[in-house]
Amino acid sequence: MKALVDTPVATRLEAAARRDRGARRAALGKAAAVCVAPAAVFLLVLIAYPLSRVFWSAFHYVNLTNPTVSGFARLDNFTTVFEDEHFWPSLWRTCEWTVVSVVGEYALGLASAVALAQPIRARSVFRAIVIIPWVIPIVVAGLNWTWMLTPDYGVLNIWMVKLGLMAKPYYWLGNLNSALLTVSFVNIWRSFPFYTISLLAALLSVPREILESAAMDAAGPIRRFVYITMPELKIVSLTLIFIHVIWTAINFDFIWVMTQGGPYNASETLPIMIYRYAMEDFDVGAASALAMMTMGFMLAVFFIYWYGARSSSRESATW
Amino acid sequence: MKRLTIGLAAAALAVCGFGAPALADPVTLHFWVAWSPQQADAVGAKKEIAAYEQAHPDVKIDVQNITYDALHDKLLTALAGGDAPDLSWGLPEWLGELSRMGALRDMTEEAKTWPDRSAIYPNVIDALTIDGHLLAMPHYLGIRALLVHEDMLKAAGVASPPKTWDELIADSQAIKQKTGKFGFGIAGTGVRSPQELIMYLAQNGVSLAERQPDGKYRNTWLDDKAKLANATDVFAFYKNLLDKGVINPDGASWGWEEEDTNFGLGQYAMVIDGAWMESRETQNPEAMKDVTISAPPYKEKPATFFEINPFYVYKAGKHPKETWDFVAFMNGKEFQEAVHPNNSPRSDVTTDSKWGRGFTVLAPTGVVFPPVPLGAVTRDMIETLGQTLLKNEEPEAVARWLAASINKDLKQAGELSGN
Amino acid sequence: MVTSGFERRTRAGATYATLALFAVYCLFPFLWMVDTALKPPGEVRSLNPTFWIVNPTLENFRHVLTDGNFLAYFRNSVIVAGGATALSLMIAIFCGYALSRFPREPITRTVGGALLMSQMIPGVLLLAPIYILMRELGLLSTYRALIIVYCTFAIPLCSFMLKGFFDGVPGELEDAAEMDGCSRFGFIYRILLPLAAPGILATALFCFVTAWNEFLFGYVLINDEARRTLTPGIMVFKGPHLTDWGALMAAAVLAVVPVAVFFVYLQRFLMEGLTTGAVKG
């Protein structure tokens, strides 16, 4: 997990290249091509080919149960999506779900990483425990949480009532206001350990001398954290957040397993809509159009991130 | 494989001792099911299938157990990829879409000479027939009845289960008052809720879509004031269930799992449900022992949801004859007695237990979904329940919305009459 | 570290409190799974669920292990996840090397961008095209199909993770190796890989867990019970009318525990590996 930034290696290579520009460049290009070729083959066959079909379908009438319509659809599939009353609410909920999840994951990941970086006893035991949610399959975790959260026979509600935390059981996944937040909560539970591991690794590599000299200068622990530790975590954090924004926005499993987008669409996000277009309406055209749009949104986020990262650090992005 | 086949054939010849016609290549039938491995029907079916393979050494049944949640996606993907199994389980709601995709084998010819045909309830065969073509074979009947925790009814001083909607509401209020538990339960979401909604609609004399002279379908509520009023009544009934404290407010978001489990735990008194609730007796014997079965309460005419669960047989299968023989075997008396003693599509297989006859007597009042692609329709039905129970919208507005949405969905699927 | 005793004590107290909370949060659902797996049916569905089991039973585990093909599913998952991990690593090592050493080459930039783009496609939409592709390649219901698919999903992140670790290996080493007449692949094999070994291990673990837990493609691409993997195998206990929670949880526990133990065991190396990768960020 490391940011996509330039390295001194490249500078060195450039220096070498200056000596023998022509031949050297060709050799480098060839070596690079050889190295990325296998990955490129996989991408071409398993991603580019399906993606080209998605692109094609987005501009054609493709309906599995209605073969009477076919042919070039111009922008009709996009119109279908825009005219769908669910589209804008779903787009908004996708943002909400992504932001809540990623912010929660980052907060918990940072808190746990800081705690685990302390020189305490039984550190490795705690480090092992924190990883556990991440190794539980999403479908199983989703079912288990759904069951634990049910009002009538779910353990969490009953215990919280017994402990006096709540007056009566609450249907977390069944209420319009709480369904999406509850699924986000479970998503945070399952995903934050990944942040913990990455942030912890970065924390452990913060040079000790800097912190010590700061302590000598009588900087308090909070000041030390804000002014010394956080900047060290910046790149890792940005990368983590960026990749998880993508993963969360297109995540389908958690919401589907726990609420199927319900109740009354309260947890419907764009991937759920794509699924519905394809598997319930059999309108592959509209599903593809929506998928293209989703990718468009994500690319927009990517460019914002890219330029943001570029302007905030003097190092330029690698590619 | 080939060498093995030749070897087997040679061995068979040697055993037979004379020049019998060489054995045909063993045929493998791919059969996708979705059973819970430990349940009685799965155990029975596995045994019967093994016996069938013994009796037909040239046929091998390759059974794939797939969780119901993923069966639909897997089937659609396989069909789109041109690689369907020979036959599979499925929900009756998929009949229309699979038929429109041209995925199903027409078994009309085979059924003509099928000796057991007369043993199957006639309306079962009708429900699996589209435009005179028999496109699926019966599997089991999921007829819905009113299940009642009798002790709770008694505690409330109610002598017999409710017969009408009004009685249901009054009895439930009495139960709530006396026992503190809710009188009734519904599924507000998931696959079960449209099945309940279509039943209530039928109990008030309206259907989702009617077949028109041109062979296509149309929802006619907006053309006919009386029908719109009847449909409105149904949503008003749902609203009453909530407003008058008949159901647990959480029921608005329950799926079948919550509905069944809470009933199994004795959390409320009455539910419209299927004979599979028998399995809850082993899970929660104490709470389930007072359960009695009766006809669902109605408003205008008695009706219940008649889930005619099918076996789908696919056109792409390479062994039509063997598949037909096998699916006919599964509709035979022996198989049905072993696997579906209570809920068989055969009129000559039933038990006198409450889980048997208690449900099958309701078969004549059964209603089914129209054979059109239903994915969008059932989703809209679930949405109307959300509008009614969670958003508190006006029943008439909800009925109008559903009428318009169904016609839109039909149009999308190319099934709308007059288009 | 030079800090006051008071600060140290407060800090230790706060740390333990935080970690205790995290431990409960992380472990509770897992312990509930284990607990449920040990309960007889009557206690699984109860209005008063407790951790205390009146009649603990191993019946669910026995049922899962002996009545179905669980052990075969387990073996299949090991083969598929192991195969996918090995293949992705082989490919990602070269790709990560290129991303680290030739970041400015047009081809590297193109492939890097494509790797990133590939993360943005919703998997549901890839289902049908990949199914058709696998059928055309004649790979349906084979281990290879799943290995290839999981590999495709894992390569992008693995490449970027490895790029990070390779960046941490000083370029001077490569120059020196080159002067000693060591070829580029010789350098990767003999010097780069051993130096980045902990990072490669961390990448491998990530890849393995992702493949081990995948559900949808495992379900759809395998039509043969003998090739079925674990997650789909667990889900059959969610039946059409009844979820067999006891068996489902028993199966899930059996699937999770080996991976968890594996992680606990490798945790130290993992941390070391990630630390070397994260230096200088």
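Here are some notes:
The letters A, B and C name the chains in turn, as written, and every chain counts its residues from 1.
The criterion applied here is as follows: a residue touches a chain if its C-beta (ideal position, glycine included) is under 8 Å from a C-beta of that chain, and two chains touch if they have at least 3 such contacts.
Worth saying up front: this structure is predicted, and the values here are computed from it rather than measured.
Each chain gets a centre from the mean of its Cα atoms; the one farthest from the centre of subunit C is B. Looking at B-C and A-C side by side, the one with more C-beta contacts is A-C.
In terms of their C-alpha centroids, the spacing between subunit B and subunit C amounts to 39 Å. Computed centre separation for the pair subunit A/subunit C is 16 angstrom, with centres defined by C-alpha atoms.
Across the assembly, subunit A contributes residues 152-153, 279 that each touch 2 or more other chains.
For subunit B, the set of residues that touch two or more other chains comprises 73, 76, 80, 261, 265, 267.
For subunit C, residues that reach two or more other chains under the stated contact definition are 45-47, 128, 216, 235, 238, 243.
Of all residues in subunit C, those touching subunit B in their complex are 41-42, 44-47, 63, 67-68, 127-128, 131-132, 135, 140, 216, 219-220, 223-225, 232, 235-244, 247. Within the complex formed with subunit C, the residues of subunit B that make contact are 30, 34-39, 62-70, 73-74, 76-78, 80-83, 85, 256-257, 260-261, 264-265, 267, 274, 276, 279-280, 282-285.
Listed in rising order, the residues of subunit B touching subunit A in the complex are 72-73, 76, 80, 96-97, 100-102, 188-190, 250, 252-254, 258, 261-262, 265, 267, 373, 375-376, 379, 382-383, 386-387, 390-391, 409, 412-414.
Across the complex, subunit C meets subunit A through its residues 1-3, 7, 11-12, 15-16, 18-19, 22-23, 25-27, 29-30, 32-33, 45-49, 90-92, 94-95, 97-109, 111-126, 128-130, 133, 148-149, 151-152, 155, 157, 159-161, 163-165, 167, 171, 175, 184, 209, 212-213, 215-216, 230-231, 234-235, 238, 243, 245, 248-249, 252, 255-256, 259-260, 263-264, 267-268, 270-271, 274-279, 281. Residues of subunit A touching subunit C in their complex: 1-10, 12-13, 28-29, 31-36, 38-40, 42-43, 45-51, 53-54, 108, 111-112, 115-116, 118, 120, 124, 126-141, 143-145, 147-148, 152-155, 158, 189, 193, 197-198, 200-202, 204-205, 208, 211-212, 215-216, 221, 232-236, 243, 246-247, 250, 252-253, 270-271, 274-275, 278-279, 284, 287-288, 291, 294-295, 298-299, 302, 318-319.
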